[in-house]
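So the structure is just underneath, and the comments pick up after that.
Chain nomenclature is as follows: A, B, C and D, assigned in order of appearance, with residue numbering initiated at 1 for each chain independently.
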Amino acid sequence: MSKIPVGVLGATGMVGQQYIALLNNHPWFEVHYAAASPRSAGKKYSDAVAGRWVATGGELPAGAADLVVGDANDVSRTLVAAKRGDCAFVFSALDMGKEEIQSLEEAYAAAGIPVISNASANRWKPDIPMLIAEVNPDHADIIPAQRKNRGWDKGFIAVKPNCSIQSYTTPVYALIRAGYEVKRLIVSTMQAVSGASYPGVSSLDMIDNIIPYIGGEEEKSELEPLKILGSIEGGSFRNAEYPKLSAHCNRVPVVDGHTACVSLEFGEKKPSLEEIKRVWTEFKALPQRESFPMAPAEPIIYREENDRPQPRKDRNSGKAMAVTLGRLRPCNVFDIRFVGLSHNTVRGAAGGGILNAELLRYKGYIG
Amino acid sequence: MSKIPVGVLGATGMVGQQYIALLNNHPWFEVHYAAASPRSAGKKYSDAVAGRWVATGGELPAGAADLVVGDANDVSRTLVAAKRGDCAFVFSALDMGKEEIQSLEEAYAAAGIPVISNASANRWKPDIPMLIAEVNPDHADIIPAQRKNRGWDKGFIAVKPNCSIQSYTTPVYALIRAGYEVKRLIVSTMQAVSGASYPGVSSLDMIDNIIPYIGGEEEKSELEPLKILGSIEGGSFRNAEYPKLSAHCNRVPVVDGHTACVSLEFGEKKPSLEEIKRVWTEFKALPQRESFPMAPAEPIIYREENDRPQPRKDRNSGKAMAVTLGRLRPCNVFDIRFVGLSHNTVRGAAGGGILNAELLRYKGYIG
Amino acid sequence: MSKIPVGVLGATGMVGQQYIALLNNHPWFEVHYAAASPRSAGKKYSDAVAGRWVATGGELPAGAADLVVGDANDVSRTLVAAKRGDCAFVFSALDMGKEEIQSLEEAYAAAGIPVISNASANRWKPDIPMLIAEVNPDHADIIPAQRKNRGWDKGFIAVKPNCSIQSYTTPVYALIRAGYEVKRLIVSTMQAVSGASYPGVSSLDMIDNIIPYIGGEEEKSELEPLKILGSIEGGSFRNAEYPKLSAHCNRVPVVDGHTACVSLEFGEKKPSLEEIKRVWTEFKALPQRESFPMAPAEPIIYREENDRPQPRKDRNSGKAMAVTLGRLRPCNVFDIRFVGLSHNTVRGAAGGGILNAELLRYKGYIG
Amino acid sequence: MSKIPVGVLGATGMVGQQYIALLNNHPWFEVHYAAASPRSAGKKYSDAVAGRWVATGGELPAGAADLVVGDANDVSRTLVAAKRGDCAFVFSALDMGKEEIQSLEEAYAAAGIPVISNASANRWKPDIPMLIAEVNPDHADIIPAQRKNRGWDKGFIAVKPNCSIQSYTTPVYALIRAGYEVKRLIVSTMQAVSGASYPGVSSLDMIDNIIPYIGGEEEKSELEPLKILGSIEGGSFRNAEYPKLSAHCNRVPVVDGHTACVSLEFGEKKPSLEEIKRVWTEFKALPQRESFPMAPAEPIIYREENDRPQPRKDRNSGKAMAVTLGRLRPCNVFDIRFVGLSHNTVRGAAGGGILNAELLRYKGYIG
């Protein structure tokens, strides 16, 4: 099988670099095209990222090094370049104003190039799916309606949610799928600095310190799970009513890996702690059943040690695509408490985007 | 006025050092006596702490340097030494087994030497007060009953609570005092490594990492506020019924300062955010009214910036004795959310102990 | 005595804030005037630094909070404002292009307002003194020649050296003054992130990492001591020939405090280790003899512990104005080795600038 | 080819764990035997390291998990166990007193089991080779003389040097091999906390701090290269006379990776900077020519960026077995300066030990 040629928009930023790194030797996809800001446009990719290659896991892949970077702001020319690269779809890791991202992503989709996006700009459009491949793969099936709404032929936009919600949304979904209503959830996150991109957070704020605030993050952490757990009704998404969610989001001196302390209230049916662990450790979904290349064998790993998960020790579990849980125990106020952890720039960004692309190819929307 | 001579048990440990540092030039108290483990016994205090003086705020005070350290395990001889030092009472920062601490603190009290303790060993005795001077100063008045129960003449034991609860207990009490019932509270803490003493937490666990577990800490964080907010009935303490409390306790790479993310549910009467801020910023109690030397002028400081409190920037507010709050906002699940911060080795340990001693002197129980 | 009114240029930056903080309650000087970038101009100082007040040692002083910030780029209007503030001299902590700083500092001096600068822009002018008050106070006496060269009446420019050299230049000078030639010196520094200002170094580069490079820092570290140890000949400075100096400069995850590992070769006369310690611990200079307000009682502190100096424990010694030394030992290659430490934003920046102003007032050049 | 069965002494410590991790799926060797302290003896290996598995690179290998740990202190019984495990040789990562390690390693060798050791205890025996496989592979050929001296038949002891010297010894050797005498070298290291084992350095000493001292480290850093660069004369080692070496060793808040700032003086023949880079980048030795499994393809990597090498970004280069260099530049005092970095628990510990074993098998001394 020959590989599907893909592009990366915002290819020189932190998430863009992570896409380039993770797509190296991918069995289905191959990067033929990269676009970034005007500052990088026209340079060789290796020159454009020289001195600021920050992707986890080593060196810049040889294949990507020689790509000539396009100007992501110049839609018409990048479209030509994308088509010349025979670009079947693009990953969007654009880092610009919200309206600009919306316009640019729409322009690609309108031109027949599907967009699989990390950006938050299009997450709340009622006909755009926000996908976690293990949780709501069927939300991809809004794509025909989306195309129809917008008069697009082959193109579409699909997005992934914010990195902060990955540490608790899949385990909550696993419990719901097993038949246990989840009514209320209070979460306090401790988020890695890579989530703020590079240079991001000043070292003066992260030595002997934490910052109990991340702009816009609590709103995303509270709302996005409701779209993901929601349903398609009449060609648009309807949010789930539950769980009611409240989030405290904190920045801590950790390179990669977002940790979440979760307190959770069930509906009337309340599983035992042992039942919950069983649900989590046995949880598999479409990506596992179909062995998608980027899918972790176990999407949820439960650790019995009393002091896990920890970001440095657990973030790379399951190719950095698993959610690691621990400390499941009763709660004086709600029903249970636990701690969740996931890798924010792999599962929470580029890795999650690639898994979504695999899902969309499996479903026949790309490729 | 001549100063009251005092002793410090466990004087060479981290909290003991903090007592020595904070009592330097105290207007009421003067350290005449220090006891520690057999390893340090017989040494000059300056030699016993050489190379491991870790107290905040600089050098070993000259006055303490020449004290000869007693053996805290040898009760009879340390009692003789304590009396020779004309020791009116002792601060206990003992770091040994729970039963040993109980025995030793009781032996001092039985010998007529009041014990003002940081240790958790005696916190749950029904006739021993657990004091935050701004919250429950009247709990000191169980001392006559305690003396009677135990056949003690001048001695008694009073304790302070765990460092983790300081960041939320005073603000919660301020709201209760202002007439607002607090029904439920979920808190997630991010605690400094100095709370684990020295050497405490390995650097291998605190570089690019957090640990979502501190042994015994969640239980203390949930229960101790209930005794403090409780009442004396018939010569023993009765816990408050509310708030129901649930705690997640995390260790983070911060030197000093415990941060708490709090979600809180009121009873039927629900104050506005403005009213809550008014209650907090106007809060004063006995230590402020009587200008105790260790009391902060403002026990609760509210900061309006959206990213405060932060440990490195706010822990030293109010001589490191104030609680700094911020980020008061509505909660989707309960009524309000906020972030609190206090200095764990000053307000949460030695400073809180000294303020308790000031309270007990004011009330005539020592001096 | 009424205080001398002073101004601060670049008042909202990290070093400017440190000036504002350290000049609070200064017995000789009082801030009447502050200028910064156009972005801050016209704002109240407290508003201009809101949310980014980073100076060591607590809160924004009340006196400075209400100053209206001038536009440092608009020379004529700031000069009017400076004069209206009855500004006897200014501290320059300007953070802009080298030529702009030169022009602006010269404009102030030409207008009769002496400039005491932290900036590197004017350090290598042959008629501008680069002062460490304990080392080369007599270099101030080039000021009459400087005024004459430039046709200035009351104004002049005096600068302080880079923060990186403070940890070794004074101890080296003390040995030279005691009669021991210092021929060669190899130094490797580990420098705090506050030296890069705010936001400065990304947290992604300072968690689990060090950076073995600081732009321009090695050149400054090697050359500046030679001007300071040099002499005035015919109205301009002549560099010292020795010591030959080579520097490695590294950035490490420390908030404040630059550490230097020094290997040093003497000339023919080689002091014993005991003699060296004696020279250092007995070293006093003009600022100590005349008790300048900002001068540390002991400019050089030697610690005997084998693992000191350490930045967090020693940077605040002597009001953060002392150099702390330790680990003096023989060297297999040169004669001796030692470790030095000084506080980079106090001694190495604003504190050093204020001490220079005290020296210049003592010598009658300002006030 | 069936794999050679090997044992690991001190298997539960940090270096021992690293051996277990790196030997997983090794093409030549397979762990059949593990010994540790009496506390771990009799336990399954997975239980003995439960909660303190710290090796880089993920989970405990399944093959090792079920090994029953022997008591390393009980020589006779562990020898029986070792032989039962059909143990062809052992890796020693023992962490006990120097004399105990010497006795134990000698007992194994005397019993016919070669010992490839990380411990410093036997490094200075005149008939024991201290090997860096790329630098002095011929030093292995002292083994026949060692066996004869000690009356040993099949057994012998070979050691590896300290982790701190790996960042500069191979590049210095490469220059010497290319015909350039290296006369003098001053090095200042910034060493990772994993070098102090677990729990090792307290987090209170590594947040916002560095420690300019590591016990015994400077002596090792100065002396060990001289044995490695020395020669065998009459059945014992004779140290090289040059380079004269002086080391400052510092502990910094980095998990893995020792960085060295090196200043170096050549003899009369002085290569250009370009020639030096050529020598380094073209350097290959026996392990590369023979493609030993643990050997990096390029033992020395030179990076042209001005701010490299950095520990977090470069420590894993060449399977964490390469030395990464950068910042080659002239020196005002000596001839050149550069920065070197190597992974202290892989190249500097278990990986280096395994590469030595591969060398010794290649030379026919084991297997």
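Basically, contacts are C-beta pairs under 8 Å (C-beta built on N, C-alpha and C of every residue); 3 or more make two chains touch, one makes a residue touch a chain.
Just so it is clear, the structure is predicted and the values come from calculations on it, not from any experiment.
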Return the chains common to the contact lists of subunit C and subunit D. A, B
Between B-C and A-C, more contacting C-beta pairs sit at A-C
Per the C-alpha means, the centres of subunit A and subunit C lie apart by a whole-Å value of 48
For subunit A versus subunit B, what separation do you get between their C-alpha means, in angstrom? 43
Just how far, in Å, is the C-alpha centre of subunit C from the one of subunit B? 41
Residue ranges of subunit D touching at least 2 other chains are 205, 207-208, 253-255, 307, 312
Subunit C residues within the subunit B interface of the complex: 50-51, 58, 207-208, 255, 305, 307, 312, 316-317
Within the complex, which stretch of subunit D touches subunit C? 184-186, 188, 190, 205, 207-213, 222, 244-246, 248, 250, 252-255, 259, 261, 263, 306-313, 326-327, 331-334, 337, 339
Across the complex, what residues on subunit C touch subunit A? 54, 193-194, 198-208, 253-255
